[in-house]
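A single structure is presented below for examination.
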Amino acid sequence: MSASPTYDSAQLAACATAIADAAREFAALGWTPATSSNFSMRLDDAHVAITVSGRDKGRLGADDIMVVDMQDRPVGTDLRPSAETALHTQIYRRFPDTRAVLHTHSRTQSVASRLFGKEGRVRLQGWELQKAISGHTSHESTLDIPVFPNTQHMPELTARIDAWLDTGRPLHAYLIDGHGLYAWGRSMDEARRHLEALEFLLGCELDLRRLSS
Amino acid sequence: MSASPTYDSAQLAACATAIADAAREFAALGWTPATSSNFSMRLDDAHVAITVSGRDKGRLGADDIMVVDMQDRPVGTDLRPSAETALHTQIYRRFPDTRAVLHTHSRTQSVASRLFGKEGRVRLQGWELQKAISGHTSHESTLDIPVFPNTQHMPELTARIDAWLDTGRPLHAYLIDGHGLYAWGRSMDEARRHLEALEFLLGCELDLRRLSS
Amino acid sequence: MSASPTYDSAQLAACATAIADAAREFAALGWTPATSSNFSMRLDDAHVAITVSGRDKGRLGADDIMVVDMQDRPVGTDLRPSAETALHTQIYRRFPDTRAVLHTHSRTQSVASRLFGKEGRVRLQGWELQKAISGHTSHESTLDIPVFPNTQHMPELTARIDAWLDTGRPLHAYLIDGHGLYAWGRSMDEARRHLEALEFLLGCELDLRRLSS
Amino acid sequence: MSASPTYDSAQLAACATAIADAAREFAALGWTPATSSNFSMRLDDAHVAITVSGRDKGRLGADDIMVVDMQDRPVGTDLRPSAETALHTQIYRRFPDTRAVLHTHSRTQSVASRLFGKEGRVRLQGWELQKAISGHTSHESTLDIPVFPNTQHMPELTARIDAWLDTGRPLHAYLIDGHGLYAWGRSMDEARRHLEALEFLLGCELDLRRLSS
């Protein structure tokens, strides 16, 4: 059942362009293999622009971006949004100043999620690039990225993320085991900076582990 | 001895373009080193468009694609098809809805084939991207990719693949030891998605093994 | 407080172009993740052109380069220079013939800095490419790249670098622990050659260590 | 002292283009770091077109290619040829049907040369891509790539290579320890296919060793 479109269509067009530009660059880096990954931007308090399920992320056009409301329902379209739409809207609901959510699926992210899955988090310490995460001003801080167990049942996953948030611990991004990374920001630029920094730092951690064993 | 051409030449042209486009992208990723690899598409029940032997896969043109029948005989041309043509036609014969077969030769594929050659298969489990393989709907399924011993004698290799298929086990793709990967699909898009997902997953498995030792 | 601009503005424009060109190529190689890294060129004895803090290094324009004096003060602008400007001016003060300073933040550099941080230096020996460092004419020479502990307090870092230089030991480049590499040269070309050679050699050392363990 | 130019200048132009094209592609792959590497083609029995010393291999123009005779003397120019010119002319003298010699300096080549330097050779066996080396028709053959100790004194190096050849053992390419690879062929295409195959196979060997330890 689709509601009438009440969002700003010019803003949708701008978001679709920003999403397609980002996705094309991530695809070129190999972070969106085999039509995986999904991306979204907040249009307003009630609407989110998000990638349609199953499209090639290196070649997104305006037709590959659709609108959902904060309960994951398509708005003004019969297209099917990504199966993981609930993870995007959860972030927008819990973080009112978040404007962009990026989910990628790089080899580094997938491998790190498996390797650190049992510990339930990746602990980053001593890296200058932690400062790329908003609110972090020193390499001496500790940056924990939780790894949640994977499931094909979204309510189970959102419940785990809510449980983490309800403890009051900071959450800048998270991994899903055997899967990929979710990162976000108060603008597409900030979200991209967070994603790029975390991809880099996870790669560094894997390298250090290989070299220290 | 070449039979008279009875296939649709417009369809051949479309397939040649689709093959050249795919091959160019694979070459840019380093998956077709030193004129290795070969690619094909089904034209109809009796004909297959396939790459001519020995060409640079990054620069394929219409002249680099030829037609063979299902018994590997050139049709309407004196060109020599890939030495591994029999592996392509076997897939088309055994899987009537397959429309594209892709054989690449990436470093990850070659190394994985050597590493898992003794076990005779790579077992993939717990990876979200297994869902990119048609018919797989969960990371909890098991996806086995057999590794067949290499030989320069094609009938020996097709016999081994027939033997696997005759047991009724599923076959979505296979590796040849010290060589590369064969993957396929009901369309070029599906075949590419399968290839891209398996290249990614084999890379993840190698990384995990490096990190867990 | 900004002093009146007394530098050659045509030279500033030429330097800005040279910096932007170099930065774009480094960004494409992944050496400047998440707006990290900074680059400068000497304009004259009293002025340095340097990247403005926080800009995307893959897309630098004339507006992203500013002028500072040798005491790190902005000249003719209210823009904020990189937090690490003091490291650039120190090199220009200590090496009067240096004309370009490049600071990048590649994964190889970050990982090498952590791995060799305790030893305080990376010792390079037996590599032909050591000859790319000016003054080195044989693979048989020894090339030491110090690793200084990271700190967010620049005077502490410049004091450590001064202390190294005051011992009279050669200094062609240095790493900062958990951070990245500083390299320089008597021209942008020489600085780039040094940076490229050291990135390569650090990568080789990490590979050898992985393979020899 | 430069002799009068007696070679075919149209052929020189064609060779310069072929060398520049190949070099640009190798540079993009990172195989020619920091102005390392050199490339040549035979013009006739007495002349070789070769890269001028110290140029950026990603941006070679006609002015970056010069002519030498078979005794390494510049012909019709005052430019200085690569310090390793003697290694090129040796191959042309010893292999009369060789028309192109390629020397690159990739990270894989440098690391493999150090790792296998003590054994004096890399032994390749069981890889399908060995068939890319002319004369090899099966993965079951053995392909030995010698690793010669590095020296800045060229006559020492050419003597070692002559000694290998004088034993009658086949030589398709060689590594120099801590340095890079020399490969060649009866045409630029064959030389490139040999280089590309060996870069791939050395990378596979390093990966297998990492994974088998």
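For clarity, chains are labelled A, B, C and D in written order, and residue numbers in each chain start from 1.
In this text, a contact is a pair of C-beta atoms (placed from the backbone, for glycine too) under 8 Å apart; a residue touches a chain by one contact, two chains touch by 3 or more.
Since the model is a prediction, treat every value here as computed from it, not as a measurement.
S.K.: If you take the chains that touch chain C and keep only those that also touch chain D, what is left?
M.R.: none
S.K.: Indicate the lowest number of steps between chain B and chain C, counting one step per move to a touching chain.
M.R.: Minimal hop count between chain B and chain C: 2.
S.K.: Please state the rotation angle, between 0 and 180 degrees and to the nearest 5, that superposes the Cα atoms of chain B on chain D.
M.R.: The best-fit rotation has an angle of 90 degrees.
S.K.: Which chain has its C-alpha centroid at the greatest distance from the C-alpha centroid of chain A?
M.R.: D
S.K.: Rounded to the nearest whole Å, what is the centre-to-centre distance of chain A and chain C, using the mean of the C-alpha atoms as each centre?
M.R.: Each chain reduced to its C-alpha mean, chain A and chain C end up 33 Å apart.
S.K.: How many Å are there between the centre of chain A and the centre of chain D, using C-alpha atoms for each centre?
M.R.: 46
S.K.: For chain C, jot down the residues that touch at least 2 other chains.
M.R.: Expected reply: 210, 213.
S.K.: Spell out all pairs of chains that touch, sorted by label.
M.R.: All touching pairs, sorted by chain label, are A-B, A-C, B-D, C-D.
S.K.: Quick check on the complex: what are the chain A residues that touch chain B?
M.R.: 33-36, 105, 107, 110-111, 114-115, 150, 152, 176-180, 206, 209-210, 213
S.K.: Would you mind writing out the residues of chain C in touch with chain D in their complex?
M.R.: Residues in contact with chain D: 126-129, 132, 137-140, 193-194, 196-197, 199-200, 203-204, 207-208, 210-213.
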